[in-house]
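Next come two complexes, and both contain subunit A; in the first it sits with subunit B, in the second with subunit C.
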Partner chain A sequence: MTEPTRTGMGASLRRIGLIARHTLREALHLRLTRLIALAGGGLVFSALELREFNFGGSEGKFLADFGLGALGLSGMLLAALAMAHLFFSSIAGGAACILLTRPVRRWEFVWGKLAGVFAVLALFSAAIGLVLAGLLVWRGIPVATPVFACAVAVLWLKLSLVAAMTLLVCSYAGSALFASSAGLLLALLGHLRPLAGESGRLHWLRVWPDFELFDGGALLAAGQVPPAATLLAVMVYWAGYVMILGQLAAYAFKRREF
Partner chain B sequence: MSSRLILLLTAATLFAAGFPLRSLEHGLTISRLRPAEQMAEAAGRGGPLAVLGGMRSLLASLCWLRTNLAWERRDAATTAGLIELTVALDERPLTFWLNGARMLAYDLPEWRQDPLAPVAWRMSVNEAYAQQALRLLEKGVRWHGPDAALYIEMANIHLRRRNDPAAAARCYRLAAGQPGAPPYAARIHGELLRALGRPEAALAWLRQVLPGLRADDPLARREVVLARIQALEQEVAAR
Partner chain C sequence: MTAAPDVPWAIELSGFVKRYATSWLGRGRVAVHPLSLRLAPGQVLGLLGPNGSGKSTTLKALAGLLAPTAGACRIFGHLAGSNAARALVGYLPESPQFPAYLSGRELLHYCAGLSSLHPATAGPRIAEVLAWTGLGAAADQRLGTYSKGMLQRIGLAQAVVHDPPLVLLDEPAGGLDPAGRLALHRLIRDLAARGKTVVFSSHLLPQAEAVCDRIAILGRGRLLSEGTPAELLGVEPVTLPQPCRLEKLYLEKVDAHD
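Let's turn to the complex of A and B:
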C-alpha cells in the first residue's frame, strides 16, 4: 500500500472529510435511504390513525412517544443497513481499492465512512424530527423546542453508535447481510444491557454501551432539558464508545486482505 | 488476520476501555431510567419492541385493549398476565395501574366465587386477589414513582376488600403526604384514626392539616374539618 505523501493531522482530517462527503452523497442517492426515510415519515403520520388506540396518556404524549419511537426504529435500520451497504459497495465496486492505492490510510477510509454515515443519520434524524414537530404543531400541541431538539439529538447519538457497531463488524465480515444483521443484534444487546444488572452471570455485559441512557422519548416526556454537565457526560460516554469501536474497526480493516 | 483474533482483540479492548466508561453511567440520568426489573418483565412477557425503546405508548395501549377483551371473556389468568405486561411496557400512565388494580381486586375474585362454597374459602379468594392488586400498586410506586392516586387505591383496597382500616389509614397518610394529593385523603386518614379508637391522634392530625386547607377551595371542605376538630376536642375532653 502506498504511504500518503501528505502527512499530519490536518491532511488526514481533509481526506476523512472528502471520504465522508463522498459517502454522504452516495447514501443520499441510495434507494434504501429514501425508502427508510419515507417509511419513517409514514410511520410518524400513521400515529394520527393509531391514536384511537391510545388509552394511556394525552394525545400529545402519544404522538411524541410514537414519533420518536418511529425515528428510533427506522433510524436503527438505516444505521445498520446503510453502513453495511456503503462499506461493502465501495469494496465490491473497487472504489475502496482505488482510494487505498492513493495516499489514503486505511484508518482514514474507515473513519471517513463512519463520519459520512453519521452525517446521513443526522440528516435523517433532523428530517423525521421536523416532520414530527410539524405534526405536533398542526395538532395544536405545544412543543418545547430545546427539549425536543435535545431528544432528537440524543436519539441521533444512539443511532450513530449502532452505525459504529455495524462498522466494526463490516471491517472483518465477508458480506453486507451478515454485517447488518450482526449490527442490529449488537444494537439489541445495547437495549438489553440494563438487564445485565450489577452482579450475576451477565455482569460482564456491562462493558457494552447502555442504550437506555439515550432514551429520547423519556427525555421528552420528562419535559425539561437535563443539566449541561449531564449532557456533557453523555457526550463523553458516546464519544468514548465511538472511539473504541472506530479504532477497533480501523485496526481490523488495516489487516484485511482484498 | 483471523476473525477469531479480531474477536479476542475486540473483547479485550472493550473490557479494558468499557469498564472505565461504566463509571460515567451513574451520572447519566438524562431521564428517569426504567428499572431492570421492569425491562426484564417486559422482555420476558413478550414485549421486545418496547424494550427497544420506542412506541411504548402504542404497544401498552394495544396490550390494554387485549386486557379488556380478556376481562370481557372473564378469563382471570389472561387478564392478570396482560395487566402486568401493560404496565411493564409503559409504566407512565396511572390509568393502567389504577384500573388494573381495580380489576384484580374487585372483578377477578367475583368470577371465581361459588355461592355454595364456604365463607372462609370465599374470603381467602378475595384476600389472594387483593394482595395481588396491592403488589401491583406497590410495583407502581417503584416504577412510576410515588403518587397520591396509587396510595389512595391501595387504601381503598385495604378498606373495602380486606377490612383492614389500620392499613388503609397508613396508605391514606402516605397519599396525603404526596404533592397534589386530594384533600379528602387527609380527612379520611383522620376519620380512620378516630374509627380505630385513637381520637387524640385524629385530633392532632386534623389540627396539623387544617392550616393547609384553603377557605376558598370547596374541595378542601375546611368547615367539615373544623367541625370534626370541635367534635374530637369534646370527645377527648370527655375521656
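Let's turn to the complex of A and C:
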C-alpha cells in the first residue's frame, strides 16, 4: 500500500466517528425515524385532547407528565427499532464485507454504530423536548428551563441504554425483527427492576439497569435540578452499563462470520 | 510459479478447511476441504467452479470475514483477518449493497476514511479511481440512480481506493452486459499491469482464460486442478479482447447506437 495512512488510538476514534456520522446520516434518511418522530410529536400534542383525564392534577403537571411519557415511549421504540435496523442494514448482503474487510476493528464498528444511534436519540429527544416545551409555554405553564433540560437529558440516558441493550442482541441475532423485539423486552426488564427487592424470585433482576433512576417526570415534578453529586452518580451508573453492554456486544460481534 | 525468496506469497492457503455449522448437534457442512494454494505477487488468479464449490468461502476467508475451521490463510505473510492483512486487501463482494442516498464520491470518501487514508491524499486518489473506472462524470450522482454496471464499477473502485496490493473480487462480472464484462476484464488486467495481485471468482470461462495468469478449478470444496491456462489446456491461452461472434455483433450494434 503506497498511500500514507493513520494508525493508533486516534485512528480508531476517527473511524468510530466516521461510522457514527454515517449511521446518523442513514438514520435521518429512514422513513422509520421520521415516522416515529412524527408519532412522538403527535402524542405530545394529543395531551391537549386528553387533559380532562388528569386525575385531579393540574393541567401543567398532566401535560408535562404525558409529554415526557410520550417522549419516553416513542423514544424507546425508536431506540430499539432504529438500532436493529441500522445495525442489520450495515451487515446485510455485501455491506458488512465492504466495511469489515478494511482495517476497521469489530469493536470500532460496534461502538461507531452505538454512537450514531446515541446521536439520533439525542436529536429526537431534543426535538420532542422542544415540542413539549413549546406546548407548555403556549398553554401559559411556566417551564424552568434547567430542570426541563435535565429531565429530557435523563430520559435520553434511558433511551440510549435501550439502544445499547438492543445492540447486544443485534451482535449475535439473525434478524432485525428479533433484535428489536428482544431489545424492547430487555427495556421492559429495566422497568421491572424495582420489583427485584432484597430477596425472592426476582432477585436476579438486580443485575439489570434500574430505569427508575432515569425518571424525567419525577425530576420535573420535583421542580429543581438534583445536586451535582447525584447527577454524576447517575451518569457513572449509565456509563458503566453502556460500557458493559457495548463491550459484550463487541465480543459477540467479533466472533460473527459473514 | 515462484516468489522471490525474501518476498512472501501474495496469498498462501495451507490446508484451509471451512466447515459451516448447520445445527447445534450436527457436525455441519464442509464447504472447503483441505485446500492448499499459493500465488505470487502481481499475478491474476481465477477461481472457477460450479455454485457451492467453495469459491466465495475461500475469498471470504482470505478477506478475513470467515475464520478457517482448520489450516491457515495468509496474505503477504500475515494471517488473513489480522489488521495487518486487512490493510493489504481490497474486496468486492458478490452482491454489494451501497447506501442509495450516497453519491459515488461520498461512498469512496467513506471507504477511504475507514481505510485510514490520509485526507490529504484521499481526494486526489478518489478522483484518480473514479476516472480509472470511468465514473468521473457520475461521481456526484446518488448511487440509487446507478445502473448495475456502474454499481459494479463503483464496487471495484471502493475495493482499490486505498491502493491495496491484493484485490479480491467475488463474481465481479455477475449480471454485467458484454460491454461491461469486457471493460471489467480490462480493468483487472490493468490492475495486474500496475503490479497488483488479483483473485477473482467467475463462471465466465472464456474471459477467465483470457484474463488469468493462473486458474484454480474447485468442485465441492476440493481443488480439482490448478496452474497457468497454458499448463491446464496444453496450448497458449487467448488474449483479450476475444469476444465470441454474437458478442462482437452485440458490441458493434451497441457502439453504433451510442
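The rule we apply is simple: the second predicted complex is superposed on the first by the 250 of 258 C-alpha atoms of A that agree within 3 Å, B and C clash if a C-alpha of one lies under 4 Å from a C-alpha of the other, contacts with A are read in each partner's own complex, and residues count from 1 in each chain.
Just so it is clear, contacts are C-beta pairs under 8 Å (C-beta built on N, C-alpha and C of every residue); 3 or more make two chains touch, one makes a residue touch a chain.
Because the structure is a prediction, the values reported are computed rather than measured.
Participant: Pick one for A:G94: touches subunit B only (first), subunit C only (second), both, or neither.
Facilitator: It touches subunit C, and subunit B stays clear.
Participant: Which partner does A:V207 reach: the first (subunit B), the second (subunit C), both, or neither?
Facilitator: After superposing on A, A:V207 lies in contact with subunit B but is clear of subunit C.
Participant: Between subunit B (first) and subunit C (second), which does A:E26 come into contact with in this model arrangement: first, second, both, or neither?
Facilitator: second
Participant: In the superposed arrangement, does A:A144 touch subunit B (first), subunit C (second), both or neither?
Facilitator: Neither partner.
Participant: By residue count, is subunit A touched more by subunit B or by subunit C?
Facilitator: Of subunit B and subunit C, the partner in contact with more residues of subunit A is B.
Participant: Regarding the shared-chain residue A:I244, is it in contact with subunit B (first), subunit C (second), both, or neither?
Facilitator: Only subunit B is touched by A:I244; subunit C is not.
Participant: Going by the contact rule set out at the top, does A:L38 touch subunit B (first), subunit C (second), both, or neither?
Facilitator: The answer is neither, since A:L38 touches no partner chain.
Participant: Applying the document's definition of touch, where does A:F55 land relative to subunit B and subunit C: first, second, both, or neither?
Facilitator: In the superposition, A:F55 contacts subunit B only.
Participant: So in the complex, which bits of subunit B are touching subunit A?
Facilitator: 1, 3, 6, 9-10, 13-15, 17-19, 21-22, 24-25, 27-34, 36, 39-40, 43, 49, 51-58, 60-62, 64-65, 90, 92-93, 95-96
Participant: Subunit C touches which residues of subunit A in the complex?
Facilitator: Touching subunit C: residues 1-7, 11, 14-15, 18-19, 22, 25-26, 29, 92-105, 257-258 of subunit A.
Participant: In their complex, what parts of subunit A are in touch with subunit B?
Facilitator: 47, 50, 53-57, 61-62, 65-66, 68-73, 76, 154, 158, 168, 171-172, 188, 191-192, 194-195, 197, 204, 206-215, 217-219, 221-222, 226, 229-231, 233-234, 236-237, 240-241, 244, 247-248, 251-252, 255-256
Participant: In their complex, what parts of subunit C are in touch with subunit A?
Facilitator: 60, 63-67, 83, 86-91, 93-99, 101, 110-111, 113-118, 120-121, 125, 158, 162-165, 168
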